[in-house]
Amino acid sequence: MKSRSMDGNGALEKEIPVTHLLDRYKRTRNRTVSLCAPLRVEDHVVQPAVFVSPPKWHLGHTTWFFEQFILSGIAGYKLFAKDMAFMFNSYYEAVGERVLRSDRGNMSRPALDEVMAYRDHVDRALEKLLEAGSITPAMAGILELGLNHEEQHQELLLTDLKYILGHNPLFPAYGPFQESKVENGISCPVEIERGVYAIGHSGEGYHFDNELGRHLVHLEDLTIGDMLVTNGDYLRFMESGGYSEHDHWHSEGWQWLQENDIKAPLYWHHMKGSWYNYTLQGLAPVDRTLPVCHVSFYEAFAFAEWKGMRLPTEAEWEVAQGRFNWGQRWEWTQSAYLPYPGYRRVPGALGEYNGKFMVNQMVLRGASVATAPGHSRPTYRNFFHPHLRWQYTGIRLARR
Amino acid sequence: MKSRSMDGNGALEKEIPVTHLLDRYKRTRNRTVSLCAPLRVEDHVVQPAVFVSPPKWHLGHTTWFFEQFILSGIAGYKLFAKDMAFMFNSYYEAVGERVLRSDRGNMSRPALDEVMAYRDHVDRALEKLLEAGSITPAMAGILELGLNHEEQHQELLLTDLKYILGHNPLFPAYGPFQESKVENGISCPVEIERGVYAIGHSGEGYHFDNELGRHLVHLEDLTIGDMLVTNGDYLRFMESGGYSEHDHWHSEGWQWLQENDIKAPLYWHHMKGSWYNYTLQGLAPVDRTLPVCHVSFYEAFAFAEWKGMRLPTEAEWEVAQGRFNWGQRWEWTQSAYLPYPGYRRVPGALGEYNGKFMVNQMVLRGASVATAPGHSRPTYRNFFHPHLRWQYTGIRLARR
Amino acid sequence: MKSRSMDGNGALEKEIPVTHLLDRYKRTRNRTVSLCAPLRVEDHVVQPAVFVSPPKWHLGHTTWFFEQFILSGIAGYKLFAKDMAFMFNSYYEAVGERVLRSDRGNMSRPALDEVMAYRDHVDRALEKLLEAGSITPAMAGILELGLNHEEQHQELLLTDLKYILGHNPLFPAYGPFQESKVENGISCPVEIERGVYAIGHSGEGYHFDNELGRHLVHLEDLTIGDMLVTNGDYLRFMESGGYSEHDHWHSEGWQWLQENDIKAPLYWHHMKGSWYNYTLQGLAPVDRTLPVCHVSFYEAFAFAEWKGMRLPTEAEWEVAQGRFNWGQRWEWTQSAYLPYPGYRRVPGALGEYNGKFMVNQMVLRGASVATAPGHSRPTYRNFFHPHLRWQYTGIRLARR
Amino acid sequence: MKSRSMDGNGALEKEIPVTHLLDRYKRTRNRTVSLCAPLRVEDHVVQPAVFVSPPKWHLGHTTWFFEQFILSGIAGYKLFAKDMAFMFNSYYEAVGERVLRSDRGNMSRPALDEVMAYRDHVDRALEKLLEAGSITPAMAGILELGLNHEEQHQELLLTDLKYILGHNPLFPAYGPFQESKVENGISCPVEIERGVYAIGHSGEGYHFDNELGRHLVHLEDLTIGDMLVTNGDYLRFMESGGYSEHDHWHSEGWQWLQENDIKAPLYWHHMKGSWYNYTLQGLAPVDRTLPVCHVSFYEAFAFAEWKGMRLPTEAEWEVAQGRFNWGQRWEWTQSAYLPYPGYRRVPGALGEYNGKFMVNQMVLRGASVATAPGHSRPTYRNFFHPHLRWQYTGIRLARR
């Protein structure tokens, strides 16, 4: 079960300019609210799978982060209500008791309007702090972390609300959100030469602790696709019996298929002889020209096996990424999520992010249509369990 | 898992006067809505346990019953929306596909206002039918069944919303609903003499098929309490180690205790050295003078064993019931829920009620504070699995 | 999960003649061993389902009973080994720690020859006691209970070893044991008149506590079959779609069918276009003329519904049983397993038998081909959970 | 659930000298049998955990491998019995139906003597083939694979029988097998300099496909221990509260602790105030000077975190391994089990080994006291799920 990333976050080692922080704060906070605008009150409450969080929970949890890690230490700050920490703490074991993840969808209270009042309360206090210029560099660092944290939750919020609406038998549309566009590549594979390359983050920009420690890796000759695998490619795999030939699959992938009766990507439905998929605009026929989406690592691997190709490693992807377009789909790699050489997590509650998830998960690289503007970068490491597929995941192939 | 009764219902073998039906229809339908009045929109959506249904679901399902079994056969009636049957059918296997019971809490749509519009649509059509006097006796019979069905759902609605609010860490109050009152008995046991008695329904009044077939039973001499077991009585059982002495318990009851770490009735919390319980008015200290509530059959049995007494059978209860007060608590009996001699269920979808639940459940007799006015009678047979306790269940003892 | 009966047992209220006890002891103990004679060592060890016990366990547990409840109190008796109580106590919570029921099949030690040495040790001590004539009436009572207990385990032993061999893909035969014979009835239903009858045990003979308390019941007019339902009858039910028509089934029975993909009685296999069943003599075509076997209560009920008939209650069966043959199959009744009026269990560890299983189980009446000679009687109450079918269960119908 | 390695195996790309093969065949086959010599028949049958296989199954499965992949293609070879493939195929999906892994412990037949007869039958046929000199190079390659496969099963056989005996409440000893010896190091850490190194297999010797593809890796400066972590070191971790401080653990490791109530390594028991552990020689006090054993990856990681150190990667281990002793314990690394660059699996059923397990498992390096003589090498990659610990697993630390 996925339970982090978005509660994960960054390491901050140097001062961040306070100017523009107020503006950035307002912009980020407003975007979360505006993503919920098309929803009904009822849509904010439910949790149809344990890896999904109700939108109300995202609204509260991102707010709690600022209250817990910044405001609660400010003299004179008055907690909105002491229950909020209990309701909206996610996994920070160091910070105390919390509602079980699997119970989030059972919590009808606090009601949505109370959560919105909580947001207002915290926003007013933080904005006052920023306007007064009384924010310290350490606090600014945490603030920036909180904004990146909120951007991560915006991504989850979108994929969670898609899951909520897309698993409702009425298939209600969310709105005019565009999930996919045709890639205008020329299908010209990118060649990278054998040798030693540096990967990982260095320098000035924002980053999480898991990207830190720029280091050398040795790569073999590489040929990697400049375009994502399309629905048409994937349909050929399905039509050739890809889901019933154990030979393409990991042993655990095959077991996952059988136990969950998987026959197609998530959100695909076979109706009246053809394939439809649910998108945020509603149910529509699958378009063969668009990049495939909502596949698990197991499916991405099996597809690659069937093609006689393979997924790239995260190091290969990072080295090659300047030579192709990316950003529509999180791309599965063949790399497990593990610490970089010299990795050290931040001490204390803020250190409970990335390190403790470094087992049993696979790395995804790139970004997706759900990623907040400005949030992605070439060294960014996303990660999920291999069976999960409610993110905008996709496939890019490398030559074996 | 409990999945009926309230979707269960009655057999109708004779004409029901159409006069007053319109009034009764309006009164019953309005009562359901008024029970929801203290709730927030969010409270209508969640399902914190599989045996609980979201209030929105009760509002829709009771409405669907009238549309499905009366209106859909009327020339000129226009279905409100064809999705409603799928969303609000409960277990009537004969009537087609339906949302899995365990998924009811994942359904944010139709939104509450759509369900209320559905209610209005159906109510207007039915009221028009009644006002026109064009209702047949068969339809009147189904209508009466539908109203009894809705009364059963009112009871479930109250116990479900108590479960929703009572399992929220904020313990929000529902309102001034009074769940318990002190019994003014003189604790004078009722004596019944050995002999043959008749039980079961006969005559004119409304009834369900499971009460039918008045028949003879032979009873031994009986002494039965004229008052319910109180919280004080039950606390003595707890304080004497009742929950840790396997000797009092059924083997399956003991296993249920261990697996669920049960130490007290449902809604009881040990805080700061004393016992509190959640009621619809909020969290409050347990009052020793009130009748105990929210115990399972396993707990009722273990309590009786500890006292050296026993639970009455349903036949004993029915024969003795005229000699004590009842109506606050559904009272567990020592009888399994089984067909009376000569039991036959109604053919067709309307016959999918009672008969198919006659295994693995125990009979409760009486009525509770959640029972709709006029809904109870001495021959009424309620039934639940022995581990369930979210109804207003209580204990009355007989001598062994 | 079934976990008793055979560990259950009787109430003893009066002296039992010591004469013949030695002979009866030897005969009963030897019969258990001889039932195991056709087995390989390996067959004594495994536990392919949680309700099955390894034959080695039956051999040890029946022996432990005599050591624990008789010999351990005798001055000068030396325990064979103190581990045996831990290994072979079954559910007697009052007597201390024990191996979890679900772990019995993981216990390769004590090895079979050690268990047989344990039997010898206990048998020699008990025989010496009996030969010396130094047994008290109380001990004789417990001894008789122990022998009845062992007879119950002989029945379980046979059905457990059938399960072990019958679930092996090689379908090894056990030996020439005959499970079924054609009934030579004339299919002439038995008629019983409405009135008050007495049921339950009284008088001199051996009995368990659950049969005690002979009491009056009032029956309606009854017509009950003089012959058991045959494989041919049951095949017609199957061929007419009985397993795919929800209307015949209890709601929980239907769920049990779906979850376990049940399509026929236990041990039936559809091969090359026809039905075979495994018997202790090996795999053979189903014989339409023999009584059906290995059906659950759910299946017995559904079959009766399909026929427009019903199962008899246990009181009806007991009143009518003198007028038909029985003894091949345990016959499912429509009665739940509940205490008779005035039921009281024996105090102490020996009282942990019947009473604590009186919930969620159905009564079977009669006896089966696996029942020990002389063990059955008209008042005997057997009981199992409604989904279990590895006993030699069958169906007798009554008119609705 | 672990389900391979030992059913996994090697790639063979060149001729193997037929000379000495006969001798090696006999030696390897005999060693498997002699490992079982101290067991009782009963010990060969049981399966106390799903990742354990009964010794009887190992005896049959290793035999089946030679019959299936060599003998069945030989003209004139007569199958011992056609059931054996069904009984002893493990996971080779390409080769047909098989007994579910979780059902292996339910199979009392074929009996042990039949399995031994099967071994004899196959051994005689294979030895005849070898003596006749009629074996082809391709067959010799498969034979060598089969012998390595059997050596892997010898290791599993030992750890499985330890699990069987060590989970028996009687704690029977297996025999004089020595599991641990004190390391005579001087605790002088090994230093490796930053740079590019080659890892993976090349050249003549035997190897599996997952080691192939010698390739370059870039390492940072490394300090790695020359001695394994001892029981004494580990007890200090336990005594300092290591199992109750979430901060040391992966999120999934912490969950595993809670769900399984883990408080110490496998086979450790707290008795009368001190720690004992079960070894193949029986139950004995934990010796602080010996290397710790039977820890999961989660525990190894948490221990390292507590020490402020880390586990080495598999590349680091391989580069450094010439400078310390290894071979008592399989050593957990911080590397996930993933394909080396250019990895390709063998086509067909024999290719169903390693590749399909390359997800969700961690690499172990070295060898253990249970490893067959001559079976280990510096490039060998073993792998298990992070929660498993019934192998002889240990911990070596590197500096963070």
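Letters A, B, C and D mark the chains as written, and numbering starts fresh at 1 in each.
Convention: a residue touches a chain if its C-beta (ideal position, glycine included) is under 8 Å from a C-beta of that chain, and two chains touch if they have at least 3 such contacts.
Note that the structure is a prediction, hence the values are computed from the model and not measured.
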Third chains touching both chain B and chain A: none
Inter-centroid spacing, chain D versus chain C (mean Cα positions, whole Å): 45
Separation of mean Cα positions, chain C and chain B [Å, integer]: 37
Distance from the mean Cα position of chain D to that of chain B, given in whole angstrom: 58
Multi-chain contact residues (two or more partners), chain D: none
Chains that touch, pairwise: A-B, A-D, B-C, C-D
Interfacial residue positions of chain C with respect to chain D in the complex: 40-48, 56, 83, 86-87, 99, 103, 105-112, 164-165, 167-170, 172
Complex contacts: residues of chain B adjacent to chain C: 3-4, 91, 93-94, 196, 215-218, 220, 246-247, 249-254, 297-298, 301, 310, 334-336, 338-339, 341-342, 344, 356-360, 362, 386, 400
